[in-house]
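Structures are listed in the sections that come next.
In what comes next, chain A is part of two complexes: it sits with chain B in the first one and with chain C in the second one.
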Partner chain A sequence: MANTKTDEKLQKIAKDLLESGEVSLVIGYAKGSNLQRMRPVFITKAEDAGKLSFNPHAVQDLAVFLKKPEVKKFGKIGIVVKGCDEKAVNALIQEYQISRDNIKIIGMECNGVIRQSLADKGETNLSESAVYDKCLICEEHIPVLYDFLIESEEPKLVLSGNVKPYSGIEKLESMSAEEKNAFWAKEFDKCIKCYACRQACPLCYCSRCIVEKNMPQWIDTNSEETGNAQWNLIRAYHLSGRCIGCGECERACPVNIPLMLINEKMAKDVYNMFGYKSGLDINAKPVFGVFSESDFNDFIK
Partner chain B sequence: MEEKYFEISAENLKKFVDSIIADNFEVIAPTDKDGGTFYGKISRFEEANLDILLPKMSYKEYLLPKTETLLEYSFSGVDTEIKDGLEAVAGANEKRVIFGGRPCDAGAGPIMEKVFNWDYKDEFFNERFKNLTIVSIACEKPDNYCFCTEMQLSPESSYGSDILLKKAEGKYFAVVTSEKGLNLIEPYINLFKETAKAQVPADKDWKKLFEIERTKSFLDKNFEHNYFQDRFLSCIGCGVCTYTCPTCHCFDIQDEGNLKEGRRIRNWDSCQFGVFTLHTSGHNPRVTQGDRYRQRLMHKFKIYSEKFDKYLCVGCGRCSRNCPEDIDIKEVAKDLADMA
Partner chain C sequence: MSRIGVFVCWCGSNIAGTVDVEKVREEAAKIPGVVSALDYKYMCSDPGQNSLRNIIKEKNLTGIVLAACSPHMHENTFRKAAAKEGLNPYFVEIANIREQVSWVHEDKERATAKAVDLMKMMVEKVKRDRPIEDVRVPLNKKALVIGGGIAGIQAALDIANGGVEVILVEKEPSIGGRMIQLDETFPTLDCSSCIMTPKMVEANQHPNIKLYTYSEVEDISGYIGNFKVKIKKKARSVVEKDCTGCGECWNACPMHKNVKSEFNVNLSERTAIYVPFPQAVPLVPVLDRSVCLHFKKGGKCQKCYDACGPKCINFDLQDEIIEETVGAIVASTGYDLMDTSMYGEYGYGKYKDVISGLQFERLLSASGPTEGLIKRPSDGKTPQTIVFVQCVGSRDPEKGVPYCSKVCCMYTAKHAKLFAHKVHGSQSYVFYIDIRSTSKGYEEFVRGTMEQDGAIYLRGRVSKIYEDEGKLIVKGADTLSGNQVEIAADMVVLATGVIPKKGSDKLAQMLGISYDKYGFFTESHPKLRPAESSTAGIFLAGMAQGPRDIPESVVSGSAAASKILGLFSKNEYEVEGTIANVNEATCVACFYCQRVCAYNAISKKEIKDRSGKLIKVVANVNPGLCTGCGACVNACFSKSIDVKGFMDDQIYAEIKALAV
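Then we have the complex of A and B:
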């Protein structure tokens, strides 16, 4: 397929960055295994910049690669990000996982990405019912931080309000503890412990995950009631106040566990309790990394 | 057993499935649930989704559960009691039928069976495998991720199926390949009409995109190659390929329990994980994701075929469809064949 104007701008920026030696790698998107799929591409030579492309099928959060040892080796890296993904870059900077000086952010204005499950059935139009829930509540169509910005050629998403994003959260909030427990027991029963949620997460960067620690064995290894619940709960807690809502865990999950209900609920609670949203400011201290006298403390009896 | 051939109308096929359910068979079929299509227990024929090409997960869990108890122990303070996990598995699958799976999924069973009966006879696997009855449906329209034909099967292959159904002109032809299959239909034989092989529509001439032997020959000669490191930079090591794969069978044996009671279990495991092959010393011979994806390719397209004369892949394409980063194994296998 022919290059769009967006593609051309993107390719020019990447080419210049690589030619000038400002970065030794550009992580971006290229055309994937079918017309409705994009895939990550790693450009190290200016002459390969022509592979870069961007459209509403660019679902992956490429910030996930910044935690990968094989990628870190490149040192100075350029990365193509949507607004949501860019928040992951910020959170990684906040948590001292990467240095702002080593990263060139190529920000894409984004009006939403199409659910892969629909795209695989041929959906190509950006619409309220075709995009992910995260796109419906997105406040960062233009990334909050960037070195380069490429404006979108796509029309803005028209929201009728008929599609209610993360409507499951309200339902869960209205449930009794027993009902909530039953809901999640049924969902976690599906879990096969492939850990795709962890691997697809840009902020799950522990070099040794707690499930891999066995002296003592903190988390039951089984993929049954106890092991699955322990795993999903520990991950929820480790991500609360940190999750930036890219939704990659849920997209990667091969058994369709609605993981974003957990993450969004945690994010909502953190915001209500501490007025903090993750990934918006590289100079902010992570919410669970600081104590403030104004923090609510009525749980201390 | 010599193959037998039957004709069955769409209406009778429904009656057949509803009848075996009524006679207490657990029928596992592709069914719409959890925002997708998965294999699951159906309580009537209509719940089966026979239009879907392939459910997101394979039905491997009925041969190798995601967690299986091998033994349980309890300690009273004086005596230790051990209970063999095999007792719970005895007879498992005797009344279980996988209905409406595809020839690729069916092919996975007999391929895996080889490694489970190699130097050690795995009684757990064998007990489940010998009893599970597989009724598959031939594919009419494979998609672009399918490559069973390249993997020595075909969209109409009966390998591994006890019964293969082929749809033609609004009815079905049933190719019965085993005693197990024959026993399943016997009580309902009035719904079937025996026919001759010549009446069953011949297999189409399915074309191959590449020769898997060439992929193997590349792997034979190239343990170290830039392709692996470059191409799989985009692999995030999530394990979805291995967990949704019908033939990947790695497991990890773990003990769970305390002084009083506990059990030894085996859980699904994956060669894509960072701790795969990590030595106690800290050394890791498969240290990069490129090394680990190569491991998967080597195991599927080289090592297994050298040991067992079968490739450890049925070409179902699940690893490609389900890969969050769009790594397409068919494309990769073809790339390797082209470079050979």
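Then we have the complex of A and C:
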């Protein structure tokens, strides 16, 4: 398939960045093995910039690669990001994992990406029922921070309101504690402890994850009830106030645990309690790194 | 293999009354690794400690557990005892079965079960103790005293006389604080200036004291032994070293009717270039740029400059930042008087002759606006009848503060006494709630005011004060006779409550010391460490800690000084080794630990290879600042920080001990 205008703009920016030496690596998307799949590509030579492409199948959050040592060693890096993914870049800067000076952000205006499961069945049209829930609540169609912005050729997503994103949260909130426990026990029962959720997450960057700490072994490693609950709850807790909602954990989960339900619920609670949304400001102090006298404290009895 | 000794203390009947100590001892003996278990009436006593030491020696113990009182009480005692037998002192663990068990439970069986559990946890913990070395921090033997009132001056002089350099910082143009505003002082009626000015002069001339007046502490960082201090020396517009204090400048200043004198509590005026009072130390004027015509009218007026012989007035002087490194700090910022505007019924601010106690001090003072003659601010007439109202703001949780301001009973008695001495045939009335006169000579002093000087004391509150035909009508209750009283007075003096100096909360935040809900600095321990703040190396003195009188302020200044001299008697300061420790191999440098650290103890550390190439950045703990509070441990996602003595595996083992 021929290059779109978007692709051409993208390729030009990457080519210029690599030629001028402003970056030594551009992380972006290239066309995949079929038309409905995009795959990540790592461009180090200007002449390879032609591989870059972008369309509503560019599902993956490429910011995940910024945490890899083999990527970090390139020093100055350019990265192609959608609005959601870009928030991960901001969070990484906030948490000192990358320096703003070392990254060139190629922001893509994005009106939504098509669910991989539907795309694999041939879906190519952006529609309310085809995109991920995160796209329906998206407030960053244009990334909040970028060095280059490429506007979208896609039509804006029309929202009828018939599809309710993250509707599970309301259901959860109406449940009793026992019902919630039972609900999650059933979901976590499926977990096989593959840690794909962690590997796909741009903000799970610890070189030694808490589950790998074995003196003592706080979290049971076997995949049964206790260990599964421990892992999933600690993962969610470590991302509360940090998760930027890209949804990669849930997409990576081979047993379809609704991880975004718990992530979004945490994000909602953090916003309600502290007025904080993650990944919007590289200079903001992360909510769990600050104490304010006005923080609610009615939990102290 | 661990060889643990468990020692169960009865604490007389304090523990043994509620906990079956023998049962605790029997259970201890069953735990693998416990080679000795003992119960004894008072473990902290000499025989108790001796048996502990003997058993350490005989059984070659590798760790000991004391099931006893809170570690706050005797952890140190037992650590020292263990150290004498060659055991690392951190191999001593305390199971608190007094404060956490016997004092808070009644059911002996269940209390005993809990005591056994706590003891078991500590046995598992002590098995996993590692030797810890205390941290030694080098000391910069120089002190900073913030606030040059009587407490600060006393502290500075005592430290300086001990041979240590002191930097004394005072916000106002002169040192002397509140005390120099007072007239005679209770209970001996020494003239405040007479006893205070020699101290002020001594502080100014002392070779070990560097005085910064009209200066404020702008920033403080660092830790005990090594505080970095930034002092802002405000632009005085006068070159201090050239000024002779002759007074030509303030005599020449045309602004002599417009500015209220802060020193005389608004009872007189001052010029734009001024010294607050004639005995000011240093006797160097300050030019108040907010009112000076030179600054307000674009440089036209320079009468002071023209009048100045040595030409030491410099309109271009700027604020100056001075940086100093000190090893210890005294915070003695003093107090303000409460704003009494919430007592509208007393008419302060509305009626000129309703004044505060501090204003009355200025009227009494020979250096005051009336040269020591008691005159009404309204018409300059000598009052014949004065009503004194005590507890204005103090002991009034609804409108003011619940605490007692402590000095008002005594200074009111003094005011009534001095009024009787200065205006013969006059009459004073004192409305009081209780009379608090507990120090040496105080009760006799108050008695004297009543009996020899004829002051009439009325127990009750004043409900209203209003003006009528040149008199102030004071309506109040005399609760002892049950009558309502009405007094036609010429003047009313309100014994206004004291509050911490404005801005002292900001200073406390800068220093990292705690303060109570009113803003008074809190002591490390209210009884046993009254001169220490919650932060090592920072000491407290004077009214900044709470209401107190001059002798107490002097004592607290000396106490702070002696603490500092004691600290400086060594070259290093020992900090408990139970501080945070970073696992550099697993730290990913997210610095949440740094964000949550209340002590600024965490910094970034670069790890480089031999060629100097940066390998990674990790968190680094400053042992001088870290208090081992553990906030960083909670914040660390990858569990790359532990607190020594409270290691992850120890906590885990403690929990496991309960599960068995």
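Going forward, the second predicted complex is superposed on the first by the 301 of 301 C-alpha atoms of A that agree within 3 Å, B and C clash if a C-alpha of one lies under 4 Å from a C-alpha of the other, contacts with A are read in each partner's own complex, and residues count from 1 in each chain.
Here is the rule we use: contacts are C-beta pairs under 8 Å (C-beta built on N, C-alpha and C of every residue); 3 or more make two chains touch, one makes a residue touch a chain.
Just so it is clear, the model here is predicted, and its values are computed rather than measured.
Placing chain B and chain C on a common chain A by superposition gives a fit, with no clash between them. Of the two partner chains, neither chain B nor chain C is touched by A:164.
In the superposition on chain A, no contact is made by A:5 with either chain B or chain C. Chain A is touched at more residues by one of its partners, and among chain B and chain C that partner is B.
Touch criterion met: A:193 reaches chain B, while chain C stays clear of it. With both structures placed on the common chain, the touch criterion links A:238 to chain C but leaves chain B unconnected. Of the two partner chains, neither chain B nor chain C is touched by A:156. Touch criterion met: A:33 reaches chain B, while chain C stays clear of it. With both structures placed on the common chain, the touch criterion links A:289 to chain C but leaves chain B unconnected.
Using the contact criterion defined above for the overlaid structures, shared-chain residue A:97 touches chain C, although it does not reach chain B. Put simply, chain B and chain C get as close as 6 Å, counting only Cα atoms, in the superposed view. No residue of chain A touches both chain B in one complex and chain C in the other. Residue ranges of chain A in contact with chain B, taken from their complex: 32-34, 37-42, 60, 64-65, 68-71, 117, 120, 190, 192-196, 198-200, 212, 217, 220-224, 227, 248, 251-252, 254-256. In the complex of the two chains, the chain B residues touching chain A come out as 34-36, 38, 56-57, 66-67, 144-145, 229-230, 233-234, 236-240, 242-244, 252, 254, 256, 265, 267-268, 270, 273, 275, 288-290, 320-322, 324-328, 331. Interface of chain A with chain C (complex): residues 95-97, 205-210, 213, 215-216, 218, 238, 285-286, 288-291.
Taken in their complex, chain C has these residues touching chain A: 585-586, 588-592, 595-596, 617, 635, 637-640, 648-649, 652-653.
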